[in-house]
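You will see chain A twice below: alongside chain B first, and alongside chain C after that.
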Partner chain A sequence: MGTIIEAKEFSYTYPRRENQVLRNINFKVQEGEFIAIMGRNGAGKSTLSQALDGVIPHLHGGTVWGDIVVDGLNTQTASVADLAQKIGIVLEDPEAQLFTTRVDDEMAFGIENLCLPREEIIERITWATKVVRLEGYWDREPTALSGGQKQRCAIAATLAMKPKIMVLDEPTSQLDPIGTYEVFDVIRSLKEEYGMTILITTHKSEHIAEYADRVMVLENGQIEAFDTPQVIFRNAELLSHVAVRPPQVSSLAAYLNSYGQNIPRNEFPILLDEAEQMVRKLIGGK
Partner chain B sequence: MANPIIQVKDVSYCYKENGPMCVNKMNIEIQEGDFMAIIGQNGAGKSTLMKLLTGLIRPVKGQIFIEGEDIAKVPVSIISKKLGYVLQNPDRQLFAETVREELAFGPSNQGIDEEEIKRRTDYILESVGIAHLADEYPPALSKGDRAKVVIGSVLVMEPKIIILDEPTGGQDYIGRYQIMNIAKKFRQKGHTVIVVTHSMSLVAEYCDHAIVLCNGEILLQGTSKEVFSQPEILQKTFIRPPQITELANRLKDELKIDETLLCVEEMGDRVLEHIPRKNE
Partner chain C sequence: MSILDYHYGDSYVHKMDPRIKMILLVVLTIVVFMISNFYVLLGMFALVMLVWKTARLPLKNILRYMKFLLGLVAFLVTLQALFFSSGENPVILLHPIIPEAVPLIGGIGTIYLDGILFGLILGFRLLTLVSIMPVFVMTTTIGETALGLVKLGMNYKYAYMTTTALNLIPSLQDEAKIVMDAQKMRGFQVFETGKLMDKLKAYTTLAVPLVVGAMRRAQLMGVAMEARAFGVHKTRTYREVLHMRTIDIVSFVIVFLICVLMVVLNIMLGGWF
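This part shows the complex of A and B:
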């Protein structure tokens, strides 16, 4: 497993703007990793997502410094069409990418443009439908689906392309708690069963604690930290600086400490099981 | 108690002829000045119910009354004076060149005179906290600010009822706090607020009443506390409750918890009660 994405001194300015929304971005992502990108609204998360699949700069224009290399292709010189076969992106607003009149057409559109044989197209959208659990919805109109169904339909359309890398920008912002876990489970299975590399932007700390291998924290267009969820979520100073909410169970430990307990920072729980153990240990004597 | 400002009587709706009922024989009363939450799974019928209230779609069966008036007999333009609707995706309703123009658009279409429009937009710019952005281009604003502009563009119509459809989806926690505080502020001024949301902690924190929808029907209806005291039924709609609620459930015997805990502080206090004192 080698490096699949590498950013080198990458900076970016939107057209007719002066400030760099991404500044000196350097990082490497290994093939098969599950990366969460966090940070406050406006930190540069969505801009970075779009820089990875070449939409920045090819579609938006603007000024770019440095390079991003995705599976051997430099995003500045490679075409969006070539990049699209390596890296699939699911936009923050599913409605922005849904445009057909039937769910199955929506899922098939991308791969139809790859000129695949009919049988293969049907096979792939059947698979993608199953993965996102939208069976029975093929003849429905995408715009008439519920918010969560729209998000899953958009994910399926990207999945059908079978990219090596999936970038998901807030894929669960309109999902209920069950739907959110479903989507995270789907994403995890893509990583585990198909070896896909996943990059996801989200504010849902509890889910990141459970699913992500590493967390990239953006602040004001720069990478503030890039480490495991344990290291990131136990760093209270960092979290309050970048306005990222820790998982609830970490907050519970902090609350207990503010009332005289002495739970060491490096033992703060981020997962449910860890929290259960912590509480049992604390109340153990009684 | 005041008269219900909204009354939904035996309302049913389906998107396709002979299709499944997305809203099935619903009965709801919302009192003036209430802060009401509508919760339920994706596809439960939340957004459909909101579209029915705004008159964007009309019931297949049943009636909806706003301030005692059957809205079937009233055009959407009249309903929109009473009821403001902030869509699930605020970016869908932004289109003007500046924030000020965005806010002025609604009232100017209702034939309100310039002076009054200026008074209203100035007031909203201030009270929503976007006065410093008045001349900015709305799509270029941050996500939190865009949401505030959209809420402002609805409030400027001075509706008695404000519907916020998942107002905090995708917002960071500062954005969430600011948006909900705007809602709280207008509620204190006597407006009725209806929030459609997946966030149980938001309901616990802000809402007086809650309605839980499931498959187009009302599963639970009552004060937020009443609703949260029915964990078995809630489990049907929210298989995975918030992390802290799940932790409380796992430790409910040890900590003698017999209700649904939603906040870190509540849970923290229970744990503290059960930690043995050192000198005991």
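This part shows the complex of A and C:
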């Protein structure tokens, strides 16, 4: 597994703005990794995800310093369309990114642009439909789907183009818990069954703790930390500094400590199972 | 439900080749403009309503819009009744209140029978015209429309531009309703109880969020389309295939012949104006 995304001293300023939204970003992502990008609103999460697939600077303009190389393509020189075959993006707003009147039209749109033969188009959207579990919805209107179904439809539409990397910009921020669960479940199967590289920006710490290999914390346009969820979610000082909410089970451990318990920092649970074990231990190993 | 939204169904008109539907749309529109005999126009109107029935579309939708347009028709008739002047010997129902001799405003108060009839024909033509377009939009998906336009020789980028614009109208209508409801819930009642001038001013409070929202949406849609490689190649392929069936061609010929018949009837019976 080699490096699939590399950012070198990347900085960016929106057109007609003074301040740099992203500053001196350096990181490497390995093929097949699941990366979560976290940070407060305005920290540069969406900007970074749009920079990865070339929407920045190709569609928004602005000034760029440094480079981002995605699977051998430099995002500044390669066209958005060429990048689209390497890296797919799913946006936050489920409505705005669905622009056809049928689910199957939506899924076929991207690959039709790639001039694939008809048989392969049908084959691919059948596959993408199975991955996101939307069988039987082909003749539905995308706007009439539930929030979770809409996002899964958007994922399938991107997936049909068979990119190696999938970038999801707050895909669940407008969804209810069930929709959120459905979407995360699909994203996990993309990584586990199809070996895709996933980058996701989100505030949902519980899901990140469960699925992510590494968490990138952005603050004020810079990378504040980039490590495993265990390291990040147990670092209370860091989390309060960057206004990221730890998973509820970690908060529980901190809360118990404030009531006289003595749970070591590096044993703070971040998953529900771990919390269960911790509580069982506390009440006497039952 | 809007009359400019796709209406799910599996009627015969839904399954018709979009190219045939497009050509018929143009033919019907032109013929309606050519006809000026009231009875023939009535026949055209009946034909369009028959197509609505065949497509199993809810007639009450279009009737609601017609009720709304009746005000405009009444206005047209009144205007023509008072100011009709193109005929050589118009039939006069009432003599003018202001004598002809008075400069500028002389002759006002005359009611012309010909004007009333002319107004009626204009109004009826309008009602027929507004019923044609929805049949197409309600029975053809965006994808089919785009593919139809491409197969008729249009560049696919322009075809998608056209269909996206068409799709924008119903989504703007929905959005407008949401904004108005939100305003109502916060006690904004100008649209129900306000004076005319207040109502006109209140439209800015509706227009600003609508326009801003539409622009934001358009930008996001641009990003979403570009991210799915729209416009990479000069041509693109299509999953859907258009089938021109025999029954499509037969019905095209039938409707076309009826249209020709209408034009002939219009000439034989004589156009009214």
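Observations on the model:
The rule we apply is simple: the second predicted complex is superposed on the first by the 284 of 286 C-alpha atoms of A that agree within 3 Å, B and C clash if a C-alpha of one lies under 4 Å from a C-alpha of the other, contacts with A are read in each partner's own complex, and residues count from 1 in each chain.
The rule we apply is simple: a contact is a pair of C-beta atoms (placed from the backbone, for glycine too) under 8 Å apart; a residue touches a chain by one contact, two chains touch by 3 or more.
For clarity, every value in this text was computed on a predicted model and none was experimentally measured.
The superposed arrangement places chain B and chain C in clashing positions on chain A.
By the touch criterion defined above, A:Y255 lies against chain B but remains apart from chain C after alignment on the C-alpha atoms of chain A. With both structures placed on the common chain, the touch criterion links A:G179 to chain B but leaves chain C unconnected.
Looking at the shared chain after the overlay, A:G110 reaches chain C, while chain B stays out of its contact range. In the superposition on chain A, no contact is made by A:Q230 with either chain B or chain C. Once the two complexes are laid over each other on the shared chain, residue contacts for A:D93 go to chain B and to chain C alike. Once the two complexes are laid over each other on the shared chain, residue contacts for A:I125 go to chain C alone; chain B is not touched. Here chain B runs into chain C after the superposition, and of 79-87, 115-123 or 133-141 the stretch doing so is 79-87.
On chain A, the surface touched by chain B in one complex and the surface touched by chain C in the other have residues 93, 95 in common.
Interface of chain A with chain C (complex): residues 50, 53, 55, 58-59, 79-82, 84-85, 88-89, 91, 93, 95-102, 104-105, 108-110, 112-118, 121-122, 125, 139, 141, 157-158, 161. Those residues of chain A whose C-beta lies close enough to touch chain B in the complex are 40-42, 92-93, 95, 144, 146-149, 170, 173-181, 203, 206, 243-245, 247-249, 251-252, 255-256, 259, 261, 272, 275-276, 279-280, 282-283, 285-286. Chain contact summary for the complex, chain B toward chain A: residues 15, 40-43, 47, 88-89, 91-92, 142-144, 166, 169-175, 198, 200, 237-244, 246-247, 250-251, 254-255, 264-265, 267-268, 271-272, 274-276. By the touch criterion stated above, chain C contacts chain A in their complex at residues 6, 8, 141-143, 164, 167, 216-217, 220-233, 235-241.
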